Amino acid sequence: MENEKRHESGLNVMEELFSPEVRTVMAEMKDISPDFYNMIVSFGFGELYAREAISLKHREYITLTTLITQGAFDQYRVHLQAALNIGLTKEEIIEIIIQCVGYVGFPKAVQAMGIAKEVFEKNQ
Amino acid sequence: MENEKRHESGLNVMEELFSPEVRTVMAEMKDISPDFYNMIVSFGFGELYAREAISLKHREYITLTTLITQGAFDQYRVHLQAALNIGLTKEEIIEIIIQCVGYVGFPKAVQAMGIAKEVFEKNQ
Amino acid sequence: MENEKRHESGLNVMEELFSPEVRTVMAEMKDISPDFYNMIVSFGFGELYAREAISLKHREYITLTTLITQGAFDQYRVHLQAALNIGLTKEEIIEIIIQCVGYVGFPKAVQAMGIAKEVFEKNQ
Amino acid sequence: MENEKRHESGLNVMEELFSPEVRTVMAEMKDISPDFYNMIVSFGFGELYAREAISLKHREYITLTTLITQGAFDQYRVHLQAALNIGLTKEEIIEIIIQCVGYVGFPKAVQAMGIAKEVFEKNQ
Amino acid sequence: MENEKRHESGLNVMEELFSPEVRTVMAEMKDISPDFYNMIVSFGFGELYAREAISLKHREYITLTTLITQGAFDQYRVHLQAALNIGLTKEEIIEIIIQCVGYVGFPKAVQAMGIAKEVFEKNQ
Amino acid sequence: MENEKRHESGLNVMEELFSPEVRTVMAEMKDISPDFYNMIVSFGFGELYAREAISLKHREYITLTTLITQGAFDQYRVHLQAALNIGLTKEEIIEIIIQCVGYVGFPKAVQAMGIAKEVFEKNQ
């Protein structure tokens, strides 16, 4: 029951953030490890993202920053779209990248900005 | 002139963020490299932090996240106090760390939370 | 109920790995964020470590390696003791560090070996 | 002579781990730097992997973990196949990735699991 | 005026380092954020690279090393060509990679050497 | 014999780089793992540093840069002194750190500059 609630609340957050296509790809993780997929949904989204202390928008500030910092650009691309979906403006996203310059240097910032350029063009 | 303006605007931001003691320590960088200190002030704070697209509070969301992600805990400690100085609540800071768990794992999150505990106790 | 079970199973694993002193320090996280402490116990130890697919000994192979690789030497020190507690031999631990040389380079391996030297001396 | 022995023992380990195709690609490093290729064979495999203190299987536990942690997914893909070649089960590999979630976060674990899915499908 | 000078001096360095094609791609950053492009030119190249304390060749020693260490292989590829453009020899570049083996391990060194092989072949 | 030569050539390089005190501390690694100490001497210094393609000074450019980039500040401190010992000027070292700002961001550069300040003061 409690676990069901975590799972359900995780799925709700994922619906807010990601398109049906993206969620379908994510669900393919079930083929190799249902437990792993369940951790993503129930812990990652159900226990972390679903907390109410800060807004989803603020969570995406954090998510985009950590992904740029660790150079995880595949996940960054997905969350860039998620950030747009829940209402971050392009200006805010550009500003997150610019603030990162001073903390992670140009190589990661340039790569982040290049991907933002591509994602923004698809969202025009 | 323009450079003076960047420098001045950097000093203003630093005044908002840091105590006089912290700024004195930072200024000691001038002893080894005045150019380096000038880059911190004029580029780091004057060109990045002073931009108006997002608030200082949002910049600290980004700063704390990138410092946790890269394990730069000395700078993190300084910016934790800066974040409190400009009005981030303890709840927000705790939540930034919790959101990071899913992205950087427990070791860095535990270290970040331990330092937060210490800094919060000094601010009671 | 289910959550209680995860929590309980996490506490059991922690008892196997860590001394009462270490667990007391860990529990102090409750002072700043009971939710965060609960995540460590219920997710970190209860959902991950408590899984039966591989042994605790093998989990410590993984834990020590990832901590050396990311340079998280405070947590590494704690898990080095945990590894000894559950039966990894000194030879195995030395060998984990040596295998890491080829993958992370000497600086992190040297630091890991120096800490191992200290921890081993306390365990004589 | 001694160097010949290191080299030979390195080649033996590589034969156990990698297919002839993979070894041919590796040997192309000789075109740009024979010294560098020799270091891989004689030091990497001949001095590190050939040590007898722990099994090749345990070495791959370490290798996969460090590669996931540092986000070196090209080499990870090669060693995933190597791990299967020397007898790690799919369950063990999945479990290595799951244990990593708590230490490196979801982005790298998700990427590692996605590659495992692809490699496992080729090995059916 | 002063800012114009920084900008101009940045463009001069970029002309020494990069082909017209590469500079055109870089300039496309203006489409998404003219401020960000200006930072690259005026701060990155104008304030850092244009300093006279060490030669451009020595700067590329540093740049290649940091890019290998952080695994930023897209930027590494661009700077490998830049290094050749300003007169680093293939032997020097190979030696930078070999020196890195001891500090970052084989995975990143192998990837760096593989890219060097490709870039050198284009420069024959 | 050949291995003896590698070992001897490694010890020679170490004598050029490090003070007797530092070498004594390094040799204490023999207490926990003679093999590991031998790898440092014979491979790290004997096979890598002893190569003649570039000068020791250029090797320290690379070493300092990679240590700053990976945040390995204990080893960085040791190599800062080594760099001074073999003739890098303070100006060159400051310039290495400044060049790094654009590639790794301010937090690591600030930490590197602070340590340089301390080491330079001891060398006056």
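A, B, C, D, E and F label the chains in the order they appear, each numbered from 1.
We adopt the following convention: a residue touches a chain if its C-beta (ideal position, glycine included) is under 8 Å from a C-beta of that chain, and two chains touch if they have at least 3 such contacts.
Quick caveat: nothing in here was measured; it's all calculated off a predicted structure.
Which chain pair shares more contacting C-beta pairs: B-F, or A-F?
B-F
Between chain B and chain C, two touching copies, which fits better, same or different residues at the interface, with half of the numbers shared as the threshold?
Different residues, largely: of all residue numbers at this interface, under half are found in both copies.
Measuring between Cα centroids, what's the chain most distant from chain D?
Result for max centroid distance from chain D is chain B.
How many angstrom between the C-alpha centroids of chain E and chain B?
Roughly 29 Å, centre to centre.
Express in whole angstrom the distance between the two chain centres, defined as the mean CA positions of chain B and chain D.
40
Touching two or more other chains, which residues of chain F qualify?
In chain F, 35, 39, 43-44, 51, 66-67, 70-71, 94, 98, 101-107 touch at least two other chains.
Based on the touch definition given at the start, go ahead and assign the chain network to line, ring, star, complete or other.
Topology of touching chains reads as complete, every chain touching all others.
In the complex of these two chains, what residues of chain C are touching chain E?
For this pair, the touching residues of chain C are 101-107.
So in the complex, the part of chain B that touches chain F is made up of which residues?
Spelled out, the residues of chain B in touch with chain F are 28-29, 31-33, 35-36, 39-40, 44, 66-67, 70-72, 74-75.
Which of the residues in chain E come into contact with chain F in the complex?
Contact set of chain E toward chain F: 43-44, 48-49, 51, 53-54, 58-59, 61-63, 65-70, 91-92, 94-96, 98-104.
Flag every residue of chain C that touches chain F in the complex, lowest number first.
Result: residues 71, 94, 97-98, 101, 105-111, 113-114, 116-117, 120 of chain C touch chain F.
For chain C, which residues are in contact with chain A within the complex?
1-3, 35, 39, 43, 47, 51
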